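Each structure below appears as structure tokens.
Here come two complexes built around chain A, the first alongside chain B, the second alongside chain C.
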Partner chain A sequence: MSDATATLAVTAAPTPSSKDDGARRRQVLILVAVCAVIALLLFAVTDVYLQNVLILTLMYAALSQSWNILGGYCGQISLGHALYFGVGAYTTSYLFAGYGILPWFGLVLGGVLSALLALVLGYFCFRLKGHYFAIATLVIAEIGLLLVHNSDTLGGALGIQWPFAADGWATMQFARNKLPYIYLALALFVVTWVATYVIEGSRWGFWWRAIKDDSQAAESLGVEVFRSKMAAAGVSAFFTAVGGAFYAAFVAYIDPDSVMSFRFSLLFCLPAVLGGIGTLWGPAVGALILIPVTELTRSYLGGSGSGLDLIIYGGLIMIVALARPEGVLSLFGGAGKGSAR
Partner chain B sequence: MTVESFFQVFASGLLMGLLYALIAVGLSLIFGLMDVVNFAHGEFLMAAMYATFGLWALTAIDPALLIPAATALLFGFGALVYMGVVRFAMRARTNAAMVQIFATFGLGILMQGVAQYFFTPDYRSITDSWFGNSTVDVAGVFLPVPQLFGAVISVLAFVALYLLMSRTDFGKALEATREDQGAVALVGIDRDRVFALGWGLGAALVGLAGGVLAIFYYIHPQVGGAFALIAYVVVALGGFGSVFGALAAGIIVGLVEAFAAVLMPPSMKAIAVYSLYLAVVFIRPSGLFGRL
Partner chain C sequence: MTPTSSSNIVEIRGLTRRFGGLVANRDVTMDIRHGEILGLIGPNGAGKSTLFNQIAGAFPPSSGEIRFEGREISRLPGTQRCLLGIARTFQVPRSFDSMTVVENVMVGSFVRHSAARAARAAAWQTLDYVGMADRGESPAGELTPPEKRRLEMARALATQPRILLLDEVLTGLTPSEAQQGVELVRRVRDSGVTVVMVEHVMEIVMPLVDRAVVLHLGQVLAEGPPKDVVRQDSVITAYLGERHRAA
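Entry: the complex of A and B
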């Protein structure tokens, strides 16, 4: 089975068949339809709280898609992506609050720094396998969190407050109206989706899936395993940091625990796992289920401190993991299935 | 650093390290048996602490005497978790590692919620016990009695575990199952039963550690997190599945933490432990005593 997939990876990589072309074109149509639905939603959803939920859902769909590039397609389960999220958030906030440099520059710079960091860490981590890899990523993210906590330059435990700025696209600050943040979050989602879509059809995409299925078989057939993993880590970290920059602009105040705690690493994997790991639409479907449920249970049950929100959240994760190992998306057969394996 | 303070730091690091080893060994045992990492391990510890606290609050019996009860409760709970959750997670044909990670993660979050539901998020502590806040003076080195008690329990537990693994039929069945899961069925060993007992044993060991920890540590629903991370580091450092590795790595982590706390700014002690772990696994990817 895995040998067959690996062979496919090598032979089919340069020229995807025309049947695949049709399936892939359908994916783009689905994206256009989804964007149209969200555009219509903008007129229906005027409540600020619901707008918030929509922004977070789109943002986590994008972030989970970024995680999916490394975790889903390439099969390297990272439990430390909060580190890259933090790099994006802190680079942007530090440059804007300290030097007045517009967040757009911070966003790009944070993404590049984060990708470089992922390459350095990947150089060491990719020699670890399975659970050893997952735990190493968890520990590295924790070291990052502790370092930021102890860094006076980055505001230590107090974090960085964004200075007041007039509303505008240049500074990404919109105090009165949430609508621009929805556009930005939607753009973030579309960009990560398109990046994944392009990579999925490229030689890299085939290589990653071959590595995920059986890295030894892939290697013996000429797939450059180490370089492929490094590329996946770099791309994944870049988009995660861009998401972090967006989040920092959105909340306008960050501290170590509010952008780099383990909670975030978990929130990046979970939508992909719930929706369907290593698929084009899995992270979005997962985020659409998970984020509204957690936000709503947190606001209606979490305030009481009774723990019911955690019971529902944990129970949901457990049940979906056990009941649908392939993710919720697999219930619908057709859509996105072609890209699943 | 004077000679006295060196021994003082060494002793407190050793005591804490033995407790870390006891917290971690159940995790390593379960992994060695069936290649499953329990990501709710910290919450198992938290459950044992609350079990001890709850029984103490109800009965006013000294917590040291309640430790066997907490251990037994966790044994049953561990077996139940295998039968109710892990058994199904292992059936997954696709994304097997992912399913195990997130099924146990979900369980951990659910357990935090249940703890919060019954005990509120407040910090609790056992306010009176025989071992209280006393210390003993051993040749000029002051040892906190609860930690000393914990270290003795840990050493006894490791001796008992060694005897169990090497001298009993159950130990042999565990060893045989970890060697070859298919073949043991042929000689009449019920794989599910061995796995359930293995989970029971692993949970009982962390139950023992939780009972000890409850005597001198604050108890709250999120208490498992910090200890769980140390337990993963200990297990990965020692080598997944290696009982002896967990003991050695636990002591190493305890000592490094104790010396780092004295020699570096206090906030850096966790970084020292994590960095040491990373340095070791980057050189030896399967840990100090791993079999992989």
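Entry: the complex of A and C
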């Protein structure tokens, strides 16, 4: 035994980074495996309802991953990400319905606008710490909701109905066959995952985690605290808005409450908290548990508007908080290694 | 530039810091010389930590100035001072507990290396230097308090400082741990880094430091070689009270 540890120490010393490279390569392999499983599911799942659940699960996994960039890695808990989701959904819908501009363009523009908005809001809000920051984001998102409600340009409370268009990739409209939406949702998830993965291994990722753990110590080590938070907010808002654009294309009709209500802010935050906050796979694991459960209870118990799904979230979060504060992912030991707290 | 500024790495002039009605530092004027180990000592409440924090950049002085290598820095944030080459540790260790030990040190080495691979290699080197390479993969949260102190030093050293500010790194260690710490501090000084140590336990620092500055009630009470400083009446009085002066 002592011999084994001795050789380990000796062999580890010259190439200390190789172990880390291996751990990171393993994460990519997991992603490839997950994509392969989903590809197989495409053949197995032909039921439209189940396809719908799959799309929403992938979408919320992506959106929660986007939230996780700011809330999980950088430790700035936002309860107002519905605002950025709304910016993406409305930019895309407004441009397509009003001017016939293809949703692909709206998706990118919405993301950029949303990131800019996050920078402006961050400039003021990052002076606040902890709970005060979270409350500020919540209030700002509610103000945004009210503004859209009262905006005639954006259709007020009636929202925006997407014009009927022939099925096709250009308009992101697929009325007859849901399969392309699964591809899109999967692409959305993969893109946010890869972005998170790349950043996690970079200086930004380290800076964010340092700020989350102890911002004063981080500052003493040369971390640009304010700039790091701004970067995290911008990236997070960008991907959230891209998700909003996708959702708008998917449902083809949006109104303020259907894309900007507080419910969405919760739905972005909860999977990450449930699965493992500040980890690469936490949001996906959380979404995989949360979204199917919600959708199934909604359909079987007919809970439209009754809020039963929210009660279930609350229950799940309480169980996790009591039994596994690090999130469900921590049950799998090394799976989330590298960033598991 | 005046001749004095070439031998001094830090020059403090008329530094005063108030917290509400309390004056924690009053008109402190002192120098820190290139390449020395300076002990900043004094009884509890003397204003050592306040002075230390102003050099490190945790908060600005109420008045007065701090020059680092001739440059006025008293209004610069801590981040900027770190880039200039001022590194510090914290009295109560503030490790990043969700990270491993080597990742903690990488946060420091990222100041000088923008690529993760280079930062990681530098972090391992630093860990090796402070004798913690065997703990590199451990979560920082699992370290013992003395190990956390050492990690604080490793992290600070990874920023490749010109001056290292140590806040009670040797307090509360066993004699053998303290001895290791002393050797490490000497090695750091010998590598060309100026070291400032805040301690209130005189026995530990006096044999180690080249020069001591004694603070009392926020002011500089005495300064000089440690052997001379501890013999001064005013210092003995400040530490032990009036009655012990004769003894």
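The rule is short, and it goes like this: the second predicted complex is superposed on the first by the 312 of 341 C-alpha atoms of A that agree within 3 Å, B and C clash if a C-alpha of one lies under 4 Å from a C-alpha of the other, contacts with A are read in each partner's own complex, and residues count from 1 in each chain.
Definition applied: contacts are C-beta pairs under 8 Å (C-beta built on N, C-alpha and C of every residue); 3 or more make two chains touch, one makes a residue touch a chain.
Model, not experiment: these values are computed from the prediction.
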Next on the checklist: Please determine, from the superposition on chain A, whether chain B and chain C clash or fit.
Outcome noted: fit
Checklist entry - Touching A:Q216, do we find chain B (first), chain C (second), both, or neither? => result second
Next on the checklist: Touch test for A:L331: chain B only (first), chain C only (second), both, or neither?
Outcome noted: neither
Next on the checklist: For A:F206, using the defined touch cut-off, is the partner it touches chain B, chain C, both, or neither? Pick first, second, both or neither.
Outcome noted: second
Next on the checklist: Contacts for A:V120 in the overlay, against chain B (first) and chain C (second): which applies, first, second, both or neither?
Outcome noted: neither
Item to check | If touched residues of chain A are counted for chain B and for chain C, the larger one | outcome: B
Checklist outcome for this item: Rounded to whole Å, the nearest C-alpha atoms of chain B and chain C in the superposition sit apart by 8
Checklist outcome for this item: Where chain B and chain C land on the same part of chain A: residues none
Checklist outcome for this item: Counting only contacts in the complex, chain B reaches chain A at residues 31, 37, 85, 88-89, 92-99, 101-103, 105-117, 120-121, 221, 225, 229, 232-233, 236, 240, 265, 267-268, 270-271, 274-275, 277-278, 281-282, 285-287, 292
Next on the checklist: Using the touch definition from the top, list the residues of chain C that touch chain A in their complex.
Outcome noted: 56-58, 77-79, 82-83, 87-88, 90, 94-99, 102-103, 106-108, 110-111, 114, 116-117, 119-121, 124, 128, 133-134, 136-137, 155-156, 158-159
Item to check | Contact footprint of chain B on chain A as seen in their complex | outcome: 77, 124, 127-132, 134-136, 138-140, 142-143, 146-147, 149-150, 262, 266, 269-270, 273, 277, 305-319, 321-322, 325-326
Checklist entry - chain C touches which residues of chain A in the complex? => result 9, 13, 16-17, 19-20, 201-203, 206-207, 209-210, 212-214, 216-225, 278, 339-341
